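Shared between the two complexes below is chain A, which pairs with chain B and chain C, respectively.
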Partner chain A sequence: MIKYSIKRILSLIPVIFAISIVLFSLTKIMPGDPVSMMIPTSAKPEQIPQLREEITKQLGLDKSLPEQYVAWIGNVAQGELGFSSWKNDDVKNVIANPLKNTVILNFFVLIFSLTISITAGIRSAVKKNSFVDQFWQVFSLICMSVPTFFIGLCLVFVFALRLGWLPSNGMPVDGSGLGEWVRFLVLPVITLTITSLASTVRYVRNAMLDALSQDYIRTARSKGLSEKVVVYSHAFRNALIPIVTVVIAQIGTLFGGSMITESVFVWDGMGSTLLTALNRRDFYLVIAMNMFYAVVYLISNFIADLTYALVDPRIKLD
Partner chain B sequence: MAKLLEINNLHTYFETKRGLIKAVNGVSLSIEEGHTLGVVGESGSGKSQTAMSILKLFEKNQKIYDGEIKFQGKVISNYNAKEMSKVRGNDISMIFQEPMTSLNPIFTVNRQISEVLMLHQGMSKKEAEQHSIEMLKAVKIANPEQVNKSYPFQLSGGMRQRVMIAMALACKPKLLIADEPTTALDVTIQAQILYLMNELKREMGTSIMFITHDLGVINQMADDVAVMYCGQVVETAPVDKIFQDSEHIHPYTEGLLTSIPRLNTDRSSKLEVIPGAVPHPLNLPKGCKFAPRCKYATAECRENEPELKEVSPGHAIRCFHPVKRGKQ
Partner chain C sequence: MKKESFFAKLGRSFKSLFRSSVTGKKEINVLEEEAIQSPMRTIIKNFFSNTLAKVGLIGFIFILLFSFVGSLFFPMDPLYTEPILKNVQPGRGYLDYGSCDVKAEDIKQLASGATFSVVLTNDGKLCAWGQDQDDVLEIPSNADSGIKEIAVGDRHILALTNSGSIVGWGRANWQQQNLPVSIKGMMRGKVVHVYANEEYSAALTDQGYLYTWGSVTSTKLDIIPDDYQGHIVDADAAAMGMILLMDDNTVRAIGSGGDFKNYPEELENGEVKVVSVKAGKRNAMALDDEGNVYAWGGTSFNLDTVPDFGEKIVQIDSGKNAFFAVGESGKIYGWGEDAESILDIPEDFEAEQIFVDFFQGYAISKSGEMTAWGNEGFILGTDDQGRDVLTRLMHGGKITLLVGVIAVLISSAIGLTVGMIAGFKGGWIDNLLMRIAEIIVSIPFMPLVITLSYMIGSSMDSQSKMYLIMIILGLLSWPGLARLVRAQILIEREKDFVLAARAMGIKEGSIIIRHIMPNVISMVLVDMTLSYAVMMLQEAALSFLGFGVQPPNPSWGNMLNKAQQATTIENYWWQWILPAVCVLIAALSINLIGNALGDAIDPKSNEK
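Right after this comes the complex of A and B.
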């Protein structure tokens, strides 16, 4: 397994290079130009051409595309992700805070959505067609069909505007305590949990139903094992493979964040940062964030493959 | 001889949207200690469901509506789930038709055998592992230590069925229910498994309920035979009586016997078959269930249902007009 891991990690390097070239070129042909955004509004009309030239040079945009790429990738290799034209700061510093906020938000989402979907999915499968099962079926159907922002707005309407229990959006100010964080987290966490629950409950239920209908479950019962052992040990272990796939896919959003929900709740996370970066044509910020997503997805796929091998002895890695 | 298991007038039904399916419809049979009872019948005759009823391995829409099952003098058919799980795998265990899928693919052989031993015999993990290897030796697996550590996908069908047998016999059950254990195996492996089962039965004194549709296997394995049709037992007798020296025989049994292909029959002659098909369980005929396919059926057969009646000691037939031997 160690040999496999090393091989896999080494094979990621050319993939990351390829992605970086594609991303760099795609972001470059994006219409709009960061230079005009950086010219201060106080500048007099006759100063503008000169300013424009200076800023273009300063950003290195006067060079050819391959030259720009080589310069950029060289910096990236040294840990310099570039300069954000929007924040006038290093990309690293610009991303640090949103990344932290997104991870905090999605960490809770992941925990809640997994515990609820696994328990509810197993119960639904064990008591197929019961009230519990039908409740979750209808719930997930509705929540998959309704757009996320609408769920978010409904929650804001009820809990912030009508009842006034929670803030409608925003972030706790610096240095606020745990209670303040919780107050601001509740609504976005619920919104995102509901959306991710909707599909995972179905996955878990179907994986469990499939496992429970297998012959070895009948064997396990014929051995006198209690229903608990049959369901949680014999069936669930077999249902884990499809479940692992969904869970790993969610690790991507743990770091990636959600543009829509973060915008609805004005949460200073990765999703809303990327959205602003795109609007501001903040080239290096956009490309750094997209590269970051790409790497996160590559790594989570790799973790998924390792997990399959741990869960299922029939899968051999070499 | 003492009766180990007695089933009296058992009715096990499935509730479906289209109506009650009477899978087991008044089965009475018994198994004597140390004996093998062969249960034979076509697909859908209720033989597997009778077996499932003994262990109460039911689907959600299935239950016992009437009748009782007595095991060692105790009525086990009204045991609750907890009492039942003490019987399963310990006093009565079961092996199935599909060795390829009956073992859990992600657990080692050791884990699957040890599980029963730790549960019913209170063994420690270490003792259970030792015992598991011994059981694999008992079912004539050549490299028990290695197989014990293997996963099912690393074993062949015959090996897996041996593992199933080892698992079923681990707690030395009084009764082993074998539901077509060799149907999915090729004939040479089948012969080995049957031989093994006979040997273990003699060594351990386990009674066997052997379910099959193959009369040849019955002849080789069973002491007594129960022939089933449409959820009922139509004939029970010691094996010799069925195959050779009974004076009378049920028309269905006669049909089964004559449809066995033989090596010495003329190659140009057609294989005997029983005409027609098993009636649909939702649409059972009035009177004798076999009457529509029976060449001896009379008006009485189509009107009234015969009882299972003893025609000679130990030999009972559910028929108004049992066929006289030699008449065929």
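Right after this comes the complex of A and C.
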């Protein structure tokens, strides 16, 4: 297991490097000049050339591209993600708050979508073609065909604008209590949960159906075990592998945030920060965030592989 | 041939009676039924026996017809906007004068606003029809009867009563419907005429004094030279200015419409006797007592080029950017911008009088008949720039459907090629290709697409940005299919029939194309269909965020872009629900087709 882990981590390194080179060169073809955006408007015309030089040096833009890359990747390795020209602060500090907000939002989404999709998926599989099953089939078909933002807009229209029960968008002000957070969280959480349920319920159902059609289930039934034991102890445990894959994929989005939902609800998370960073031509912030996404994805994939071995002792990692 | 017994015959015909009427199937014998069908035929048969597949197919054909055929019948100029028609609710009947039950000979005056018309009868009563906005169709009780004259702006109405007071209602953002007390107090003489246009109103007194109020400062309509005052006998209000008819039958102009004041010299120096003046948005025209028409105000829409009528003109009137004239013979002439079908003048109609405002025209014949032409309304309303939502939905559908198709073709071509190479070649090529796929997959799709679309396309025009979106979506979506194809090929190449083919000495290339590919292609087809729906949703999301197809070209996604504002969500439902429903119908039909196709190709998956 340890040997496997080391091997996996080592094989991740070239991938991460490749991603970082791709991202870094991409940001270099981005139009716009970050230096002129950082010059304060109050600066006098005669100061500007000097200021330009200073800022160029401060951002390290006076060096050649490979040098810039090496300097940047060296800093990244030490945890220095670069300097955000938009917020005039370290990328680390700029991302901290949106990351917190995104994790809060997606934490609830993860809990709701997992509970609902596992219970609904198991029920649909056990009572195949029943009303419950058909309901979830239709539900996931429609939710897979509807744009995410439309769900959000409809919820805003009904619950915020027509009924006035909840705020239509925005963030709770600093230091507000739990109740306030819940009021602002309800609509985005519902939107994201519905979107993720569309695929996860189907996934769990199919995994369960596969497990239920195995021979050991017939054996378990013929032994006279109660249906509960058959479903939860025999079938569900064997359906865990695909389910773990879904859970891990969800964890990836826990940090990534959804650009669309965050933009509809003006939620100050990772997605909307990336949108603003792009509009502000904040190179380092853009690469740092994309880099972060990629690393989270790779790590969660790695964790998924380790988890497979945990849930299924037959899988040997080597 | 064996002779059939009578009962066997009877039984057979009885059976066939049922078969043909109930199932429509031809009776086939056992051997025929056992005969092997080609896989393609089985797939098609399975597909069409699925009700959901048929629903999906019908839905998709409907969407295709709506976008591609519909847009042929409703051409669109992407740059056309019409501010006075913005955010109009869905509705028709703008020309529905029949709803008022007024006889043509009773009509004293008929005037139209942006989306409605109002008629004044000879006995001083009002009646209005069209699309109600700002409660403009709710005629107040003090304007019920005894009305002498009416004036209609884009969304407000003024009525002059017999007693000389002005009653106004409708849009009030500049208080244009309400004669200000300050003006009322200093007015010289009794009001004899009222005028109105976009967000302002004016009143003319019997002593020849003109007063304006509403949104008049930006258009400089509040500045009326002193030497004009006291000599004005009539006027016409346009969006940017007013044309005045003086007591010596000459013409003057006020306001900010630049070329408004460049009227022909003979109109100012009294060489000709002007009897009537009319004004469009920036252009104006005049009619003299000999039946000649003069037009000026710049060359836009050729409004200043008066057609050769070949007869004396008895009446003139103007729409927003279109001019109309009635000849002695009763023929109606029109020229200018053909917006909202305002130039679709009825032919062979002997008009005695016409009433044209904005986009609605009405004519009364000598024999008392009445007709109307112009804007009948917007079935699905208009957007925030005054463009017809239905037309934009059709043209937007064209773009959304096309972007999806091209993106899917690109991604499938790459996915299939990469998957095949990786699957067949194996070794380091396989390893390298799969690493590249992993890199693309490991960065979340939406952020990466937006980053790329922004970085590469921020200085592109609308058209090339559209192609860029297709390419980016295509270039980033292939890894899924490539992995699928690779895995499938790895499974297929180990199967017995491949071994058999090899044992028979068939060449490797032939095995790949004739034996392995057919088993892979069906799966690719299903994947293509399903990812088409995904691509459309991605395009919608991208354009919704403003990183996809750029205005003025419509797409279902960018039509939703304005829905980020709460006012749009709350007040203008037709602007965001309709495009979203179009995306939903299209994606749902495609998903239904894709699922059914998957079931048809692999009937075992149906059992799940």
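Here is the rule we go by: the second predicted complex is superposed on the first by the 298 of 318 C-alpha atoms of A that agree within 3 Å, B and C clash if a C-alpha of one lies under 4 Å from a C-alpha of the other, contacts with A are read in each partner's own complex, and residues count from 1 in each chain.
Here is the rule we use: contacts are C-beta pairs under 8 Å (C-beta built on N, C-alpha and C of every residue); 3 or more make two chains touch, one makes a residue touch a chain.
Since the model is a prediction, treat every value here as computed from it, not as a measurement.
Asker: Which term applies to chain B and chain C once both are placed on chain A by superposition, clash or fit?
Answerer: Superposition result for chain B and chain C: fit.
Asker: Which partner chains sit in contact with A:Asp312 here, chain B, chain C, both or neither? Use first/second/both/neither.
Answerer: After superposition on chain A, A:Asp312 lies in contact with chain B alone.
Asker: In the overlaid three-chain picture, which partner chain does A:Ala220 touch, first (chain B) or second (chain C), both, or neither?
Answerer: It touches chain B, and chain C stays clear.
Asker: With the two complexes superposed on chain A, say which partner A:Met259 touches: chain B (first), chain C (second), both, or neither.
Answerer: second
Asker: Who touches more of chain A, chain B or chain C?
Answerer: Larger number of chain A residues touched: C.
Asker: Between chain B (first) and chain C (second), which, if any, makes contact with A:Arg237: first, second, both or neither?
Answerer: First partner only, chain B.
Asker: One more residue to check, A:Gln50. First (chain B), second (chain C), both or neither?
Answerer: So A:Gln50 meets neither chain B nor chain C here.
Asker: Regarding the shared-chain residue A:Asn93, is it in contact with chain B (first), chain C (second), both, or neither?
Answerer: neither
Asker: Hey, in the superposed model, what angle do you get at chain A between chain B and chain C, Cα centres, nearest 10 degrees?
Answerer: Value: 100 degrees, nearest 10.
Asker: On the overlay, how many Å separate the closest CA atoms of chain B and chain C?
Answerer: The answer is 13 Å, the least C-alpha separation in the overlay.
Asker: Pick out the shared contact residues on chain A: the ones touching chain B in one complex and chain C in the other.
Answerer: Dual-contact residues (chain A): none.
Asker: With touch defined as at the start, can you tell me which chain C residues reach chain A in the complex?
Answerer: Per the touch definition, chain C meets chain A at residues 435, 438-439, 441-444, 446-448, 450-452, 454-456, 458-459, 533, 537, 540-541, 544-545, 557, 560, 563-564, 566, 569-570, 573, 576, 580, 583-584, 587-588, 590-592, 595, 608.
Asker: Under the touch definition given earlier, write down the residues of chain A that touch chain C in their complex.
Answerer: 14-15, 18-19, 22-23, 26-27, 29-32, 141-142, 144-150, 153, 156-157, 160-162, 168-169, 206, 209, 252-253, 256, 258-260, 263-264, 271, 274-275, 278, 286, 289-290, 293-294, 297-298, 301
Asker: Where on chain B does chain A make contact in their complex?
Answerer: Chain B reaches chain A through residues 55, 57, 60, 81, 85-90, 93-94, 96, 98, 101-108, 115-116, 119-120, 151, 153, 164, 167.
Asker: Which bits of chain A are touching chain B when the two form their complex?
Answerer: Going through chain A, the ones touching chain B are 128, 214-216, 218-227, 234, 237-238, 311-314.
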